[in-house]
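The data blocks that follow each hold one structure.
One chain, subunit A, appears in both complexes that follow, with subunit B as partner in the first and subunit C in the second.
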Partner chain A sequence: MTESEPVERIAMDFTDAGDGRERAIALLLLSMADDEFVIGFSDSEWTGIGPILEEDVAISSLAQDELGHAQALYRLFAEVVADGRDADAVAYDRPAEGYLHARLLDHGRGDWAATIARRYLYETADAARLAALAETSFEPLRDLVAKIRREERYHLMHVEAWLDRLAEAGGEPRRRLMVALEAMGPDAGTVLALLPGEPALLRHGILAEPFAAVESTWRARVDGTFGRLGLAALPATRDPGTARTRHSHAFRALHHEFTMVRGSEAAATW
Partner chain B sequence: MGEAAGAVEAEPVDEAAGVLEPWEVFRQEKDGDPMRHGGSVMAPDATLAVHYAREMYGRRQESVHLWVVRRADIHDLADPDLLQPPLDRSFKKPGGYVMREKLAAAREASGQQKPRANKGDR
Partner chain C sequence: MTDPLALDPVLPARERSQLPFNDAALDHDERYRHFEEHVTGGGKVEATDWMPDEYRTQVLRFVEMHANSELMGVLPEREWIMRAPTLRRKLALTAKVQDEVGHAQLLYRVAEDLGKPREAMIQDLLAGKTKFHNVFHYPTKSWADIGIIAWLVDAAAIVAQQALRDSSYAPYARTMRKICWEESVHIMHGRDVVVTMVTGTPAQRASIQEALDRWWGPLMQMHGPRSDRSKDRDIHWKIKAKTSEELRQEFLGIYVPRIWELGLTLPDPNLGLDPATGEWRYTEPDWNELRRVVTNHGPKSEERLQFRRDNWAATQWVRDAILAAPRAAA
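Moving on to the complex of A and B:
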């Protein structure tokens, strides 16, 4: 359990008020928001350089959707924590090591096959997580999850269409997809790794079932798809204890980029 | 890392797959409206064509219904001999012959003036 301490420390950093329930909710919201924010920002790098004009518009729009979800989750987090920070401050004013996104998203956008591999692994895991939150007892989150799931349905359709095409095309597209999946596979399960607040989330009816059960549901889905496409099964999660900490150099570079404008004039009103 | 791709099947990329072609998008703005042509998208197949149509013609909630049709599947007719025949076929129109020119010619021949419309009491 010592491996989990950094997450707990970050969790404690943002609130010393409230009971275990509030802390656990805050940690859950921040991890989800950071996931959406990082993949949204990272995928937005395709704007202007998409493989064809139509796909350029599509991936940019998907990336904007993710940023929109992140914004809503950061707002909810800011309400729960109520420490005077607004959604923008939470999104942009933390050091790189203060972000709680899953290690899967530390893999950069890479080539188109890597982007599709990352999106597929993340979106399917996120869908399983959202399903486990659909009936959450925390009402503001339940409303938000219902809205997010309606948009994520299309995201899944989009990325599954691309995964099938890359896998079934053979040759270079399939080769690149396999290289990306091999690199990301051990980190795929980090999206659904245990959060320190899980017992409180389950006790208070925030989360329907343990993350381990959510992960099994998700793996069954991915195994089915990969089996159909003749792709190697996903390996077990590497270092689950640091699933959301100790981020990569690639993320530090990304963090430098997305904080650059806001950091250029700390006192500015945008 | 590159050797990880050793399991790649040797079969070449399907030449037919991935070829972009135009798809026409029709959209309904609100329930009860007719479908109107919105524009077109380029896509390699129907699934992606529908995705792209959704992005181009639906993501701002400007449509409630889309039809996406492969342009090659549209039966085209733009032959002026068939659509704009040179002879007077106005008798085929619901209003029958256009009489204005014939009336004018008859009046000219008989020296009559065009009757003025009655404006109020005379």
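Moving on to the complex of A and C:
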């Protein structure tokens, strides 16, 4: 698998996207939107069955925030691509292999420890990515990133509190957390894997620094936390060339479910 | 979304301390008489007030069933969160189900203050010892059900709940103000889903009609059989204000015309407003079905309870970790 493949996939969706700047922006927006969309779905599976009523309400809010971010990013993508499709069409009307979320998010909901592990790894990586976009030259994205960062701050506080609690509880909570981190660790770095449009993003001032540098900043933060909690350090990213392609069976099952109603009648308004 | 007025105390503390039934020097019968006089005269009761055992038990049973219903009521709709057909619907449905979980939490807290711990209430629910509303024992078969539930099940519920905003038990009355505020948003969401489908394709319209036909029986049973006002202890203690039939008539009066307005039909040939009495006539609901269903013999009763038991068991380790006494700081 070459790293140009996602570009080809995107190219199937918009052939007139401009000089490389628009194409690179679109690829960035779609990958971020799909990340938020998929983690929002996984988190919303807890709505109604959370471990504690108070936490049930909290994770529903987090899921709604992520889905709201996805919606805003899809809208921006639709504006950049301007092929007549709206945010819903972009979000729902693609085959499962056309989604560009990071492989970390292909891990299904799992137990509460898996949810905390996935949220922690994603939220910290996303925070590093958003920091690198805070001064982006693409104004609509700059405004959106500022808004998203205000909310993500609370998401981080929430997940860091849970990570500490599970890790420090010892016994079963810590064991479950370690199992989840071991399963997801090799995929954690996929959120910050090189995007094919990176040279254009850097050249046009969309992204402040290469993803490799963003990833180093993020790894330093995670290493510090894991060191403090006595957890094993994160391994290197497994197969970074397919970080956002070749999705898992768990995602295909999720895709089948979320397109079920919408796909039941083409062209209907819902 | 909280109505800011919802948190106003119903009765000021100073006034409360002077109420005669709070006077420990009086004997039980005198306190009981003062309490009954206070409540039947429209007075409110706070959690810290003295209250007769009958009142405490009656309020607890009422609020506990309400809390159970909110908690079990999330399950039929929750199944469709993952299948919502647009981002907006997905967000609205997640928020609605989240509201119901929040209502369960608020109501269990009201009930806890009356002396039964939350854990005991959940255990009784899971063991099938306590009840939840009939409508949550039925399956959801299509996306149209999501519209019908949010519009009409929530409408039937809000008719009852609005009458509880003036309950004699003040913590319950305050909680109901917040809940009614949120339920009214659910009804708008439900009606929007229904109107979108009714004005959509023929298949969408047929799907709404099919769901409405299926839900009509349970909706007509929801408020319960007619009862004698003078024998109803919940009414005597002003825990609730209206009888089952008064609530059903109110629901029919508001919603039947709205249903007909959309060109939908209702599966009851006898349904109609009697101009002579101003009352709605209808075919007698199947009360045997209601009794079967609320004693956990409904089409989805056991499956939903088992689903709750399984999830409760699967997350026990989290509660053990979090609710345990914090470890001493190093």
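Keep in mind that, in the parts below, the second predicted complex is superposed on the first by the 258 of 270 C-alpha atoms of A that agree within 3 Å, B and C clash if a C-alpha of one lies under 4 Å from a C-alpha of the other, contacts with A are read in each partner's own complex, and residues count from 1 in each chain.
We adopt the following convention: a residue touches a chain if its C-beta (ideal position, glycine included) is under 8 Å from a C-beta of that chain, and two chains touch if they have at least 3 such contacts.
Just so we're clear, the structure is a prediction, and the values are computed from it rather than from any experiment.
In the superposed pair of complexes, A:His158 makes contact with subunit B only, with no contact to subunit C. Legend: residue contacts after superposition of the two complexes on their common chain; A:Asp93 is shown touching neither subunit B nor subunit C. In the superposition on chain A, A:Ser61 makes contact with both subunit B and subunit C. Once the two complexes are overlaid on the shared chain, A:Val261 sits against subunit C while remaining clear of subunit B. The partner that reaches more residues of subunit A, of the two candidates subunit B and subunit C, is C.
By the touch criterion defined above, A:Glu198 lies against neither subunit B nor subunit C after alignment on the C-alpha atoms of chain A.
When the two complexes are overlaid on their common chain A, residue A:Glu182 makes contact with subunit B while staying clear of subunit C.
Of the two partner chains placed by superposition, A:Asp83 touches none, neither subunit B nor subunit C.
Residue contacts after overlaying the shared chain place A:Pro51 against subunit C, while subunit B stays out of touching range. Contacts of A:Pro173 after superposition on the shared chain: both subunit B and subunit C are touched.
Residue overlap on subunit A between its contacts with subunit B in one complex and with subunit C in the other: 52-55, 57, 61, 165, 168-169, 171-173. Across the complex, subunit A is touched by residues 71, 74-75, 78, 80-91, 94-95, 97-98, 100-102, 104-105, 108, 143, 196-197, 200-201, 203-204, 308, 311, 314-315, 317-324, 327 of subunit C. Interface residues of subunit B, counted against subunit A in their complex, comprise 1-2, 4-5, 7-9, 11-14, 17-18, 20, 41-44, 47-48, 51-52, 54-56, 59. Within the complex, the subunit A residues that touch subunit B are 52-55, 57-58, 61, 154, 157-158, 161, 165, 168-175, 178-179, 182-183, 232.
Of all residues in subunit A, only 41, 44-45, 47-57, 60-61, 63-64, 67-68, 70-71, 74, 87-88, 91-92, 111-112, 165-166, 168-169, 171-173, 176, 254, 257-258, 260-262, 265, 268-270 touch subunit C in the complex they form.
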